[in-house]
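Both complexes below contain chain A, partnered by chain B and then by chain C.
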Partner chain A sequence: MAWWNKPASDTQITHGSRIWLYVIAAIIMLLLVIPTLIVIPMSFSDSQYLEFPPETWSMRWYEEYFGSKKWMRATVTSLQVGTLTMLVATPLGTMAAYALFVSGHKAARALFVILITPMIVPVILIAIGAFYAYGKLGLNNSITGLVLAHTALATPLVMIVITAAFRSYDLNQELVARSLGATRLKAFFVITLPQIKFSVITAALLSFLTSFDEVIVSIFVSGGTKATLTKHMFSALRDYIDPTIAAISTIMVLISTLLLLATQWFSSRQK
Partner chain B sequence: MPTDSALPIYINGLTKKYGELFALDAVDLNIRSGEFLTLLGPSGSGKTTLLMAIAGFNRPDAGSIQFGDTEMILTPPHKRDVGMVFQSYALFPHMTVAQNIAFPLKLRKVTEAERHQRVEEALETVQLGGLGHRHIDQLSGGQRQRVALARAFVFKPRILLMDEPLSALDKKLRERMQIELKQLHRQLGVTTVYVTHDQREALTMSDRIAVISDGKLAQVDTPQTIYNHPANGFVADFIGESTILPLNNDSSGQLSFNGQHVQSQPADATHRDWSLVIRPERLYLSEMSDAPGRHNATDTPLALDGIVKENVFQGETAFVLVTIDGGHEVSVRFGTGSMSQAGHLQPGDVVTVYLNRSDAIVIPTGDH
Partner chain C sequence: MTARSLNSTALKQQERMEQWTLLGLAIPAIFVILLVVIIPVGWLFYLSFIGDNGQFTLEHYQKMVEYKSYYRVFLNTFKVSILTTLICIVIGYPMAYFLAQLPARWAGFFMLAVLLPFWTSLLVRTYAWLVLLQRKGILNEFAMDIGLWEKPVKLVHNLTGTLIGMAHIMLPFLVLPLYNAMKKIDRDLMQASANLGASPAKSFWQIYFPLSLPGMVAGSLIVFVLCLGFYVTPAVLGGGRVVMVATQITSILENQFNWGAASSLGVVLLIATVLVLIIAGRVFKLDTALFGKG
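Take a look at the complex of A and B:
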């Protein structure tokens, strides 16, 4: 029997009769992915300008990127801010999710919604708000300011991932651990945390990505020697279009894809 | 094992409110050292709240909980030294069976050699010898239950608390575990507080039963006393099957039903209104071949005339529903052996239902 005559599901609908579905799905996936992938050939162009498809090939824009002090400084800033955001947002979001899960209080739901508002509010509002607030506090163009703003954006994500992990967790395990002689803190670290660790790792990777990919807040509150990679890319696109951007984009796509694959792998481990 | 370390629990005036609702309403309860006491009540009666208060997982609004001479009301759970078994077992799935059982020993800094030995002993006690290396998801429901038990007693706690530990098991396994738990309790000698809503389980296992309703104790007594002498309508209705019929009280304090004298009202009575509690298995019919033998020369039984409404066969026993004069309905339960003629009764047959006066349970009417 050819594969298209085999049933695709319990209802005996064959792959053949579903072919239209597969075609549409493939088209949609291509439409989603092509804009991202198009930068990859562009980054290997030899031309002065962004062009597609490139007429001649070279690695010069990668050399340009890795040789540029300015780009390297921005990359280091982005990695620093991303790492710090991850280190702050992951424990914060985990603690918030845990507290709301344990309390069972009526207000917990409302509090959850309040805490995830940074995800719902247009980021530009957060950017403008942060810019004016930081103006008063002297936090513009600083790593601290960037980390704080990115933490506000990443914490809701962490909360959502961890809350989902708790949905299948029996909190009685902690009660048992405590009755057996563990303090509350110990019960959390020895019993609860090992069981949600893959979700915590997933959340950490996502919060790093949230910061690393973030443009809007960075445009407003970062600058000078503390400008992020994304901010530099944005300025570069505005001021002079050159294929270095394509090279950097390719690298970022690569990093993001790897991290997302890692999160997928970790969340599949978390049953 | 640790009979010497069993502790009595003294509970005094324990009160816990959730909003306006009393989950526990000034509960006084003394649990004897080494006793198996069951908290029995319908859901929402406060039995789990009381257990959680003993374990230290909720802070009562008022009252006292003493383990022996020590006041525990402010002691956090991890310092109370009580073993606890939950309905969901709450085994740690990221640890093996042996690691689960060793957990409380590790926290108590027991050396590895002794830990190993005590885990093996505990596994033997719950008949899981040699399964220490297993993972939790490789165990059956009954085995998980045993691991949870072993983990709760391996550190020789002075008090063992169990919250409906058998309710997730199927009926046959549940009944076997009831007997095993009872034997284990005898072997360990530890003061045990057991929560259940299943009256048969409570009757099977307990030294004493505390029947709880709306945050108050309705009666605390041995299973026999609770069953044979319920203190009030709630207990009579909740434990066992029963029919509750109003009694007539004449001016001289003689209680009667349908004109037949039952007994005198208790001398110290402050009530006027009394009810008759009838257990179906204590009634008998003239059709039952052994009925005449049950007549006692000094105790002429109450005789209630009625009409058979239904005859229900249930395997080991059967019952007939009889509508007696006055419109009340009583059920008569009997064994299904070949001696019994009651199995042939048809709806509409006229019968007489007998109750020996010594089997008549009289309770004050009201608070039901």
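Take a look at the complex of A and C:
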């Protein structure tokens, strides 16, 4: 029996008679992926005008990027802020997830609502709110201000990833360890953490990316020598199409693809 | 251990103490969120009731009711958000259905087509669309090559470009919850309906589709709410012609530095968002769909 005559689902419909579904899905997948990857060939074009396919190839936009003080400084700032956000948000989110998951106190529900607000409040509002508050606190255009704001955005994500990990893991193992004399802290680090470590790594990568890719808050609270990569990219996009952005975009796509594959790999290890 | 410490009230008290200590672990996270999000947003709320002279006033909200321009901004925001959501449903449903029908191994592979854009910076994707849709961009060239239209069509710096870009960015937010909901549908039901003589199309519309609706509604609401406050893509692909609440807030701050007016728009945006979420939560148990929590 040819494959198109074989039943494709529980309704016994054949692959042949639902070929349209495969065609539609293929088109949608192309529409999803092409605009994500198109920047890669474009970044190697020699032309100002970003035609496709490029007539002559060159590395000039990469040279432009790596040779520019402005872009390099912005890249360093973004990497710094991303790393610091990851280092702060991961433990903060994990602690909060543990607190809410284990305590079973009535107040946990209310605290959950507070912790999730950065996901509910529109980011534009968080951005102008932080801009205003930082104006009073003198935190605008500072690494500290950026890290604080990005931590607030990343912590709920960490919390959700870690809570999911707690749910698929038997926390009673900690009770056993504690009944054998371990403190709660030791039980967590020796028994729980090694078993949820892949989720913790995923959460950490996610919080790095949240900060590294963040645009709106950065537009408002960063500036001068401490402007982020995304802030410079946004203003370049709004004013004119600078092909250097294609080179930067390619590097950013590469970073997020690597992180995505890493998390996929970690989540397959977790099971 | 003395006998006294084993008495039940003492134990209960100890347990309560421990619960509070445990909750204390959430304090650092709550502190940051209070400092950066809740207190500043509360401050904006206060500012929205303060006039130029520093006195309490309702003028910013009054303007919203009286001036046609504000009304148009809100109308436009709703229009763009609803259109984006509809496009996402039309494109996202077959995509999620396709993924849900595949065996786990293949689903994981094809899922990358959804996850890759999801993980890629939205700035990069907005930029890509700007390049694809421009007057001499690939899409125009391609359409002219196959004779779809003769002269370059204006696809960007207008509503069309904004909708294309926003739908691309929002699609994963619809596909992922919908896919999860579809995976939970009991396959025996479809088999039973086939056994009882229903055609595949009938089984789909009478059984599968209604069961997938909660996932679709949850995904659509996430998309809709995210669209309401969206800034980057309308600002870049709209080229100043697509005015939404978020872009309006920014231009008020940039041009007039009027915190009261900007804040009042933000407050209305927040209230609209929360209302949508609360109603949705009541009707559809949204947090179950989002966080698997009851």
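We take it that the second predicted complex is superposed on the first by the 245 of 271 C-alpha atoms of A that agree within 3 Å, B and C clash if a C-alpha of one lies under 4 Å from a C-alpha of the other, contacts with A are read in each partner's own complex, and residues count from 1 in each chain.
By our rule, contacts are C-beta pairs under 8 Å (C-beta built on N, C-alpha and C of every residue); 3 or more make two chains touch, one makes a residue touch a chain.
Everything numeric in this text was worked out from a predicted model, so none of it was measured.
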Fit or clash between chain C and chain B when superposed on chain A: clash
Which of chain B and chain C A:Leu111 touches, first, second, both or neither: second
Touched partner set for A:Ala182, first chain B, second chain C, both or neither: first
Which superposed partner A:Gly67 touches (first chain B, second chain C, both, neither): neither
First (chain B), second (chain C), both or neither touched by A:Gly129: second
Partner chain(s) touched by A:Asn172 [first = chain B, second = chain C, both, neither]: first
Contact breadth on chain A, by residue count: chain C or chain B: C
Offending stretch of chain B which, after superposing on A, collides with chain C (from 60-68, 132-140, 312-320 or 330-338): 60-68
Those residues of chain A which chain B touches in one complex and chain C touches in the other: none
In the complex with chain A, residue positions of chain B that touch it: 55-57, 76-78, 80-84, 86, 88, 90-94, 103-104, 107-108, 148, 151-152, 155, 161
Chain C - residues contacting chain A, complex: 19-20, 22-26, 28-30, 32-41, 43-44, 47, 91, 94-95, 97-99, 101, 108, 110, 112-117, 119-132, 134, 136-138, 168, 171, 187-188, 190-191, 193-194, 198, 200, 203-204, 228-229, 231-232, 235-236, 245-246, 249-250, 253, 259, 262-263, 266, 269-270, 273-274, 277, 291-292
Contact set on chain A toward chain C in their complex: 8-13, 17-18, 21-22, 24-25, 28-29, 31-33, 35-36, 38-39, 42, 49-52, 88, 92-93, 95-96, 98-100, 102-105, 107-108, 111, 114-115, 117-118, 120-126, 128-130, 132-133, 148-149, 151-152, 155, 159-160, 163-164, 167, 209, 212-213, 215-216, 230, 233-234, 237-238, 241, 245-246, 249, 252-253, 256-257, 259-260, 264
Chain A to chain B touching residues, read off their complex: 170, 172-173, 175-184, 186, 191, 194-195
